[in-house]
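Handing you a structure now.
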Amino acid sequence: MSKSNFLEDFIVEQKITHAIPRTLTEGDSSIYISLTGNRHPLYCAQTFSNQLGFSKTPLNDFLVFHIAFGRTVQDISLNAVANLGYADVRFIKPVYAGDTIRSESKVIGIKENSNKISGIVYVHSITKNQDDDEVLSWKRWVMIPKNNKDAVIKESVMEELPKTVSIDNIQIPKDLNVSNFDFSATGSSRVWDDFNDNEFINHSRGLTIDETAHTLATHLYQNNAKLHFDAHMMKGTAFGQRLIYGGHIISLCHSISFEGLENALNIVAINGGVHSNPTLAGDTIYAKTIVIGKDKIDGRDDIGLLRLRLIGIKNLPSSSLDSIYQENTNDKIYNPNVVLDLDYSVIMPRGK
Amino acid sequence: MSKSNFLEDFIVEQKITHAIPRTLTEGDSSIYISLTGNRHPLYCAQTFSNQLGFSKTPLNDFLVFHIAFGRTVQDISLNAVANLGYADVRFIKPVYAGDTIRSESKVIGIKENSNKISGIVYVHSITKNQDDDEVLSWKRWVMIPKNNKDAVIKESVMEELPKTVSIDNIQIPKDLNVSNFDFSATGSSRVWDDFNDNEFINHSRGLTIDETAHTLATHLYQNNAKLHFDAHMMKGTAFGQRLIYGGHIISLCHSISFEGLENALNIVAINGGVHSNPTLAGDTIYAKTIVIGKDKIDGRDDIGLLRLRLIGIKNLPSSSLDSIYQENTNDKIYNPNVVLDLDYSVIMPRGK
Amino acid sequence: MSKSNFLEDFIVEQKITHAIPRTLTEGDSSIYISLTGNRHPLYCAQTFSNQLGFSKTPLNDFLVFHIAFGRTVQDISLNAVANLGYADVRFIKPVYAGDTIRSESKVIGIKENSNKISGIVYVHSITKNQDDDEVLSWKRWVMIPKNNKDAVIKESVMEELPKTVSIDNIQIPKDLNVSNFDFSATGSSRVWDDFNDNEFINHSRGLTIDETAHTLATHLYQNNAKLHFDAHMMKGTAFGQRLIYGGHIISLCHSISFEGLENALNIVAINGGVHSNPTLAGDTIYAKTIVIGKDKIDGRDDIGLLRLRLIGIKNLPSSSLDSIYQENTNDKIYNPNVVLDLDYSVIMPRGK
């Protein structure tokens, strides 16, 4: 029987093949648009993706990420108390309708908490397509309780995770060609060269989340973590209701961020990410982007990389957020309205 | 950056190419059925559409209309106070899964309101497919506020919009052939010849709208008008909650109207339409159809056109609606339960 | 006009061709996953289904059943007071994306209730694909009111319906080949030989149902029974709100039952089934499976049949359900938390 693991069940260097390969389809892409309001033409317009050199329309990178991630939940995080963070997430190859993906993981670190009732497990997961090509690689860490309080945990200290995906590890889709880029399809002529370091973009859309919308999304990803679906169980918790899958918040914020970043193309990396506060049905999500880096790409003067910090905010328009962190604190404690702090990199065409 | 326009930003004769081409898929069609309960076999049964001469199953005409319309929102109506009406809507060519559509508009009239804080903008929009064939053409007018109260508006009086799409401008899909029409697939043998002018049809279904259902629909169309999605913002308005996109009401009423009009085929025109009252989550939608015209088609004795007035009603079964307009008023003020008054034309097979 | 039938409208031996053939698509499959969280790889992974000998991925058997059933509602059960049960449901042939199905029924029994205001109608329905191959066959009985209280009902006593689909009537999909079965794709190595008669499996997932989720599902099936959709009408009933389509409960319970039955393949029969109590939005569904039979298949030592009793439970985790029936009753009256009692048969690979 498929089992879910507690802290004492993980062993460093252990490899786990996750069940349930999944064929992605155009239907998944349509539902994703329905759930997020995504408007990036790269993911929804065959004419546009063809002009960029792709023979088929790439699936939304975050849709692929969430489905890839969904495979790992049963073995890694079904019992998790919290999803603590992501690092070194690499989008290696676009995934298209008709591709079948499967995920596997390796445990790369275990650290027991001082309370001795839980600990942190670090895993490195990869996702391959039906041709055995790696399409995604990522690291995440989760807090997992012990099942047996007396179990002795064999800890394994790890090297620190990289703060960014290094440029050497970034893959530009091999077909990508922006020589015929159609700026009328994106609605903006603002390109890589026009963005400035530390520039803020207050995206104006707000998207309110209802119970059905987030459960449909999380089901679509076949993510079976119980706390997203079981209101009866959640009534007995401090939250009192179902918690929203953090990945749904990423997708909403990314969709909201189209306004102001219309020419953003494929996502190539998530350098790091934190779900800084929980979200519940009824919350309205807003987003802000801060440009935190601009990288040129060797041998390509037609495209560049923007490193973006995407801040998700609940129940407060982006333009009204004074500070990402609480003031008057020495530690960087997030403002209670900030629900997402995601550092990612996208390709954008450069000016002529 | 994509911008949204205020009254003073529009110029008569100005042409606007809308962003975000969209490839429609079978997935969109399935979601549309899930959201509306649509049962017209023309749009869901390959066997039926093949018998009618179509090599593929046409997408629901209203699904296509809403997606085409969705393209125009950012430029035309993101700041709109109200969507006042439609006229001269022509369905020129069926759209199939795999087609990519894009929309463009021309400003055809501007009129400032006497209050000098807003005005009415009239636009003519067209939608083309990937082969540059026109598939849709329509006119609509919206009330748009000024951003700068002191801006001087250059008005442009227009010729009156046509009250109906003239028969010369109606396109019958070139493949349509009803010689093998399968009445067992529609469940009714009632054809064009059997309908009478001024006949009333009280459709009996009622469909209750929930927040998620209308937001999923409006997201599917990539319509990004904020008032449909942002409950936080809407709390501060007279409505107190998200407003439902009027197009969703059209789709619900059209789906409800299958009962009694089972042999209706492609929609060829919307002669005019008004969203007469707002709808909110929790409302139950009913519909009534009045046959307001029957037109023969030159050279075709196998099919005819029915001109139908589709009345959408909230929270009151169709059979209980006494009057479309409020009684004891000189002006035609809509009954507060009437939410839609749509005048459209469909093809229907004729009797032998 | 399509009509809906009252008790006096049914005639024994009458054949009814149901309207609205339906082409099933990958989009339907994606929405089904979104609505149910289904994780069976047979239905979502092209690689897995290919390894099993299928050239395409079979659509979820319950998705097919609900869509096939949806065709019959207008004629059989639009006026039904209750859906009393199913028997002799045979899954004859897998259905794939692109197939078009249509349903027809024969009335096989009519019995007036002693109150003379309603009665029970028994029908045998079959569903065929576009090649005229039978894909499904089932019997059900529903309670239907009379329209005219004085109508005289011509009763017709029937032979008792079979308590199980006999092994001779069970069809194994002709392409099915488990010689390359990939247990890493299901996440479990537990096979037919490992299950014991009368074994209980308490599935741990709980899925809370919201109004939109069940209406989307029921719309997807084009099931137009009013009590699932019309909250305005339902306010005036004892339920006070929309009733959830029983088929949605079957799908949720089946999806929940993946945990513990990961190697279950195609469903071949529903031997019987009862919706023992109603469900409403807000209910959380849990499920328990009892192994009630193990059958070998002539000429196949690689696969066997498991006969399973799937118990759906509301608002009570499976492990907390003491008894399926109320205690201290002579009759078998269901525990009020038990909402489904379904007896079905699935194929499962055998051990080496």
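The letters A, B and C name the chains in turn, as written, and every chain counts its residues from 1.
The rule we apply is simple: contacts are C-beta pairs under 8 Å (C-beta built on N, C-alpha and C of every residue); 3 or more make two chains touch, one makes a residue touch a chain.
Source: prediction; values computed, not measured.
Which chains, if any, touch subunit B and subunit C both?
A
Over half shared or under half: which fits the residue numbers at the contact of copies subunit A and subunit B, same or different?
Different: fewer than half of the residue numbers at the subunit A-subunit B interface appear in both copies.
Can you check how far apart subunit A and subunit B are, centre to centre, with Cα atoms defining each centre and the answer in Å?
37
At least two partner chains per residue is the criterion; list those residues in subunit A.
If we look for residues of subunit A contacting two or more partner chains, we find 25-28, 30-31, 210-212, 216.
Quick check: in the complex, which residue numbers of subunit A touch subunit B?
Going through subunit A, the ones touching subunit B are 25-31, 33-39, 41, 44-48, 57, 184-188, 190, 204-208, 210-213, 216, 259-260, 262, 282, 284, 315, 317.
Under the touch definition given earlier, write down the residues of subunit A that touch subunit C in their complex.
Where subunit A meets subunit C, its residues are 1-2, 17-23, 25-28, 30-31, 74, 98, 100, 102, 130, 210-212, 215-220, 222, 224, 226, 229-233, 242.
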